[in-house]
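You will see two complexes here that share chain A, one where it goes with chain B and one where it goes with chain C.
Entry: the complex of A and B
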């Protein structure tokens, strides 16, 4: 089976169970959003996939082969971490050259072009980069490797709005020209929602949602109105959460909606991915 | 491919410190030379009288200490960099082993060449001497065998010593990396405490010197002092390197990336 197949992975850190029997399949040539609150287990899952840490139970298969300590498979994945694992005294351009050594498909010209686009000074040492430019450096490296599986853990950390916008555009361009599997773990869901086509939500070390973005969004809707109207409308429905302001109430609901049976006084609107995420992970 | 890349990266990591080391050594030799010229003879007009001799001896011990420090600095940064770039632990270890082998052999060769050239330049001089570790430790044997054999044995002896120094340094650094904070503190206090206080006290008051006498005998045996032959220390150096590198692999294969 192609893609990344995570089978029944569990991981503990002392008494804390970070992942509880997680199973998920990341298919080829799709952009995934791996979403979860702080400490939900997103980075732990990505670190296990890339073999940086070991799972207590379970296994990871990539293109049907066990990924753990498998050099051929590890050469197909590149993970951009929140933390920097490059030597701090190394210059950016040297880091690109070394990346080419480990990832023969690394495109030095593309890395140079992106560096110019993002105004990254490649003569600088990595330790002298700001948080934003450190993210830019890691993101450029990740996109230039031409790896089949690119894992981005908080890729837009410290980036200003202009650079974030440029990042999403670059990501889409890259994906359109050279499709690969990209997994983005981020907190900025509203922004990332435009680029991801599949959503995996992790909560307290368990996968609670694993479906396409459009399907997921189509299942959720918002019902607003007076408190009494909303209460009678939501009776028997799967209500994720509610907000009240004065006599008005808003309910966040999961499930099919028969638009012909919406009572008067109830206003129905679509739920965006961020709201859906908040309600799903709060529930 | 990845094994070669891992080797290339790790040997490159050692290039700069090795170059700096030999630059410092060259400066020290130059200082020794000029210092000696200024202080070791009296010019009486037509004759030069040598008042004392100057030179360099046993500098390979310095190289071994340098390589021990290199071993100590060879883990954390390269491990993170290589894991980041998709290397497996076995390739990281294989690359490191080959890098140690190259550096150990390369520096043993350079040091042997320095000794050979130094001895050629100073041969017959009363003012200068140039002695390697081998000639100090096995002086009688050095006089009884041919120059080629002496240099060959010297090369293998210091190569084994360098490999052991690299392996022990690497072992300590991986050991510390794998330990948690409490274990690091416990080891940092208990090991030197035992070696510098516990053992001498035990030896003096309980065993009445028997421990250090036994240690001395073991060292004399393994360093070839008893029979004045270099093969024991060579074997001891290789064995030390093999044991410590084996332990390094056992610790490395389960090492994880720490933030």
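Entry: the complex of A and C
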């Protein structure tokens, strides 16, 4: 099977069970949003996929082959993470050249073009880059590798609004011209919502949602009105959470809704991805 | 032009609607090219598959057609088709709701008509 297949992965850190029998299939040429609260297990999962840490149980297959300690297979994946894996005194442009050693399809011209677009000074040493430019440097490297699978762990950390805008536009351009599998893990869900086409949500080391963005969004809605109206409406429905303001109440609901059968006094509106995420992952 | 993520309608429907608006406004005249899937997805920062789905909706409706190797073009007669379609939508979205609300407020048919006349003169 092509794509990244995560099979029944478990991982502990001391007494903490970071991943509990996680199985998920990242298909080829799609853009995934890997969402979860701090400490939910997102980075642990990405680190296991790329072989940076080892799972206690389970396995990861890339295009049907075991990924563990297989350099040829791991060469298909590039992961951008918060941690810097380059020698700190190395200059940006040398880091690009160095990356080509590991990723033969690395496009140096593209890296140069993107550096100009983002005004990244390639003569600078990696350690002297600000948080934002460090993210930009790593993101440019990721997009230039031409790897089949690009994993982006918090790619927009420290980026200002203009650069985030430019990042998403650049990502889509790249993906349109050269489709690959992209997994984006981010806390800024609203901004990523349009770009991702499939949503995977991790909560406490388990996957609680794995479906297309459109399907997921189509199922979430809010019902507002007086508390008594809302309470009788929500009886028997899957209520994720509620907000109250005096006698007014808003309920966040998952499930099918018959729009022609909404009682008077109840106002229905849609939930966006961020709201859905908050309600699905609240403790 | 903006995509509303909290909108009732899915993003691809909104994309189709915005291109329709562009055709009706004369931004994309008949027999001219509309922006490519890539241009649309980059501009709106949406997944190319979503943009394609929006365009396909227009293809199914006969609003645009594909010229092999060139891209998508506005069909001849698209404006007329859209005018008709929008009129039907206008009835569903505005008139039906207006009538329902008017009944709730005990506004008679005659009163609505005179209100509409008043609104037109503004």
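Going forward, the second predicted complex is superposed on the first by the 282 of 283 C-alpha atoms of A that agree within 3 Å, B and C clash if a C-alpha of one lies under 4 Å from a C-alpha of the other, contacts with A are read in each partner's own complex, and residues count from 1 in each chain.
FYI, a contact is a pair of C-beta atoms (placed from the backbone, for glycine too) under 8 Å apart; a residue touches a chain by one contact, two chains touch by 3 or more.
Small disclaimer: the values here were computed from a predicted structure and weren't measured.
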Given the touch rule stated above, what does A:70 touch, chain B (first), chain C (second), both, or neither? first
Look at A:45 in the shared chain and tell me whether it touches chain B only, chain C only, both, or neither; answer first, second, both or neither. neither
A:177 in the overlay: touching chain B, chain C, both, or neither? Say first, second, both or neither. second
State whether A:216 touches chain B only (first), chain C only (second), both chains, or neither. neither
Quick one: is A:165 in contact with chain B, with chain C, with both, or with neither? Answer first, second, both or neither. second
Within their complex, chain C touches chain A through residues 3, 5-8, 10-12, 37-38, 41-42, 44-50
Could you pull out which chain B residues touch chain A in their complex? 1-3, 5, 8-9, 77, 80-81, 83-91, 254, 256-257, 259
Residue set of chain A touching chain B in the complex reads 47, 50-54, 69-71, 74-75, 77-79, 81, 83, 85-87, 98-99, 101-104, 147
Touching residues (chain side chain A, partner chain C) in the complex: 31, 165, 168-169, 172-173, 175-177, 190-191, 193-197, 214, 217-218, 269-273
